[in-house]
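Scroll down for the structure; my scribbles are underneath it.
As written, the chains take the letters A, B, C, D, E, F and G, and residue 1 is the first residue of each chain.
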Amino acid sequence: MIKPLGDRVVIKVSEGDMKTASGIVLPDTAKEKPQKGEVVAVGSGKVLDNGQKVAPEVKVGDKIIFSKYAGTDIKVDGTDYLIVRESDILAIA
Amino acid sequence: MIKPLGDRVVIKVSEGDMKTASGIVLPDTAKEKPQKGEVVAVGSGKVLDNGQKVAPEVKVGDKIIFSKYAGTDIKVDGTDYLIVRESDILAIA
Amino acid sequence: MIKPLGDRVVIKVSEGDMKTASGIVLPDTAKEKPQKGEVVAVGSGKVLDNGQKVAPEVKVGDKIIFSKYAGTDIKVDGTDYLIVRESDILAIA
Amino acid sequence: MIKPLGDRVVIKVSEGDMKTASGIVLPDTAKEKPQKGEVVAVGSGKVLDNGQKVAPEVKVGDKIIFSKYAGTDIKVDGTDYLIVRESDILAIA
Amino acid sequence: MIKPLGDRVVIKVSEGDMKTASGIVLPDTAKEKPQKGEVVAVGSGKVLDNGQKVAPEVKVGDKIIFSKYAGTDIKVDGTDYLIVRESDILAIA
Amino acid sequence: MIKPLGDRVVIKVSEGDMKTASGIVLPDTAKEKPQKGEVVAVGSGKVLDNGQKVAPEVKVGDKIIFSKYAGTDIKVDGTDYLIVRESDILAIA
Amino acid sequence: MIKPLGDRVVIKVSEGDMKTASGIVLPDTAKEKPQKGEVVAVGSGKVLDNGQKVAPEVKVGDKIIFSKYAGTDIKVDGTDYLIVRESDILAIA
């Protein structure tokens, strides 16, 4: 898998509902609705102004909810992925 | 329940009036009116520029007032929730 | 009374003139005119980038002048209040 | 006199020329012209990101030049004043 | 090769698909699609507010994905290159 | 002379060419052209976020080049001056 | 030569191609194309928020590539120069 830089995260977007330990998580149909997916790669973290690197809160395999309009689409070996910043991830489901 | 990231908070929005220890709290009908709700999940807190993590002021079960236009709608097991940043929460009622 | 978060302050807005130790304080009728009120609740203070919490300069009972367009209206037990950030408060009268 | 908060300063605006130790200081008639006045109250100073409070450079009684469009008008016991931030004050005359 | 300053990186843009250890990486055809390339020169790194210099995560020879609209075109000895900031690089392929 | 605050500098604007140790310095006639002048008063310096005050690089008597659209016009004892921030000064001629 | 302030650099713009150790460096003809030049004077460096001064990466005599729309034109003894911030310099050729 590709290796995202800094605080970036690679996500495999989920099309349908997402069954997780929290139950069935379904983004609302409101126009600002979030999306669901699974983390497939995580960057080494954001560098703070004091030079300290902050480890990401998410890890590979986490089911997540993220902002709908975030990120950049990419295709690897025919599969679609999305690269977002960790700050675009709202919650772990 | 889903686990919000960083300084995010998951809220169950209240439809009617909200009776609290402060009395009956009713958002005004002005166009910039806030909303009421109850905290159902809290992130681990915001990371400051010096790497320090700030614990949220709110906790699960708090009745709160928050900015009307804040946050992202989400549905878990058929129930509607809202994910906001803690800075969008105005007060504990 | 509700408990404002961070650097927020709850104000009871004054309708008429405001007699204080400073004399009769009357906002000018210019279009950018400030408003008068009394502090009824104060948050725990703003968290700085170094993690330090700054105690608010105002306290409950202070008569204050604040920016006209600041804040969010709220009603508690039938009484109108305004929630503002302390930086929107210009002076103690 | 009212007590300004933070880095705010209360000014009594001067209408005509201003004779000072520097000579007769007269704002130019250009469209971005500054204004003259006298400091009548000074806040406790601006709080920096490291929590340090910076004492204002101006003191009560100083004749000053300030940005024309700065500040908020206020009336105390029938006299007009202006509340500005110290950063809106250009020079001591 | 020219020496980029600060956190800048010189890239040789790839025209077709890019075979890497991650597989065949193909930017999606969406309108915000990223681009592929190979790093040919790396600056000494970004200087933080505390004076510390952050070493770049990418090195010469890395196959990378970067934001489509980033950077400045340049031609050296007849070959086209692109100068971008490291923050415009999304991932190492 | 008036005393500028913070990182401000008072300049006497030069109308014609300016002969200096560097030779005859003449701002170009391009539309974003700079202006020439002589420093007549200097503030105590800018206060950084850590509370440290940075001594200005310019001193009274320096011939300088500054941004054309910078600053505020002022007249003292019938003479025109300009108050600018030191960051608006490009070079010492 | 004039002495630029802070992180500013004085450049003699090159009109034609630029032969350097890197080869013939020719800015592309794209509309956002950079420009070439030679450094003729360097400021003492940028002051960081912690009061530390960062020495410039470029020195007098360096052949450089810089952003096309950066800087201010100036004429000294009949010769045209450009004053830019070091952050507008992309690379040393």
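Everything below uses one rule, namely that a contact is a pair of C-beta atoms (placed from the backbone, for glycine too) under 8 Å apart; a residue touches a chain by one contact, two chains touch by 3 or more.
Predicted model only: the values in this text are computed from it and were never measured.
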{"item": "Common touching chains of subunit F and subunit A", "value": "none"}
{"item": "Subunit D and subunit E: spacing of chain centres that average the CA atoms, whole Å", "value": "50"}
{"item": "Averaged-CA centre spacing for the pair subunit F and subunit E, given as whole angstrom", "value": "40"}
{"item": "Whole-Å gap between the CA centroids of subunit D and subunit F", "value": "22"}
{"item": "For subunit F, residues contacting two or more additional chains", "value": "49-50"}
{"item": "Traversal of the chain ring from subunit B via subunit C", "value": "B, C, D, F, G, E, A"}
{"item": "In the complex with subunit G, residue positions of subunit F that touch it", "value": "20, 22-28, 30, 32-34, 48-50, 52, 54, 57-58, 65, 67, 86-87, 89-93"}
{"item": "Complex contacts: residues of subunit F adjacent to subunit D", "value": "1-6, 8, 10, 41, 44, 47, 49-51, 72-78, 80, 83"}
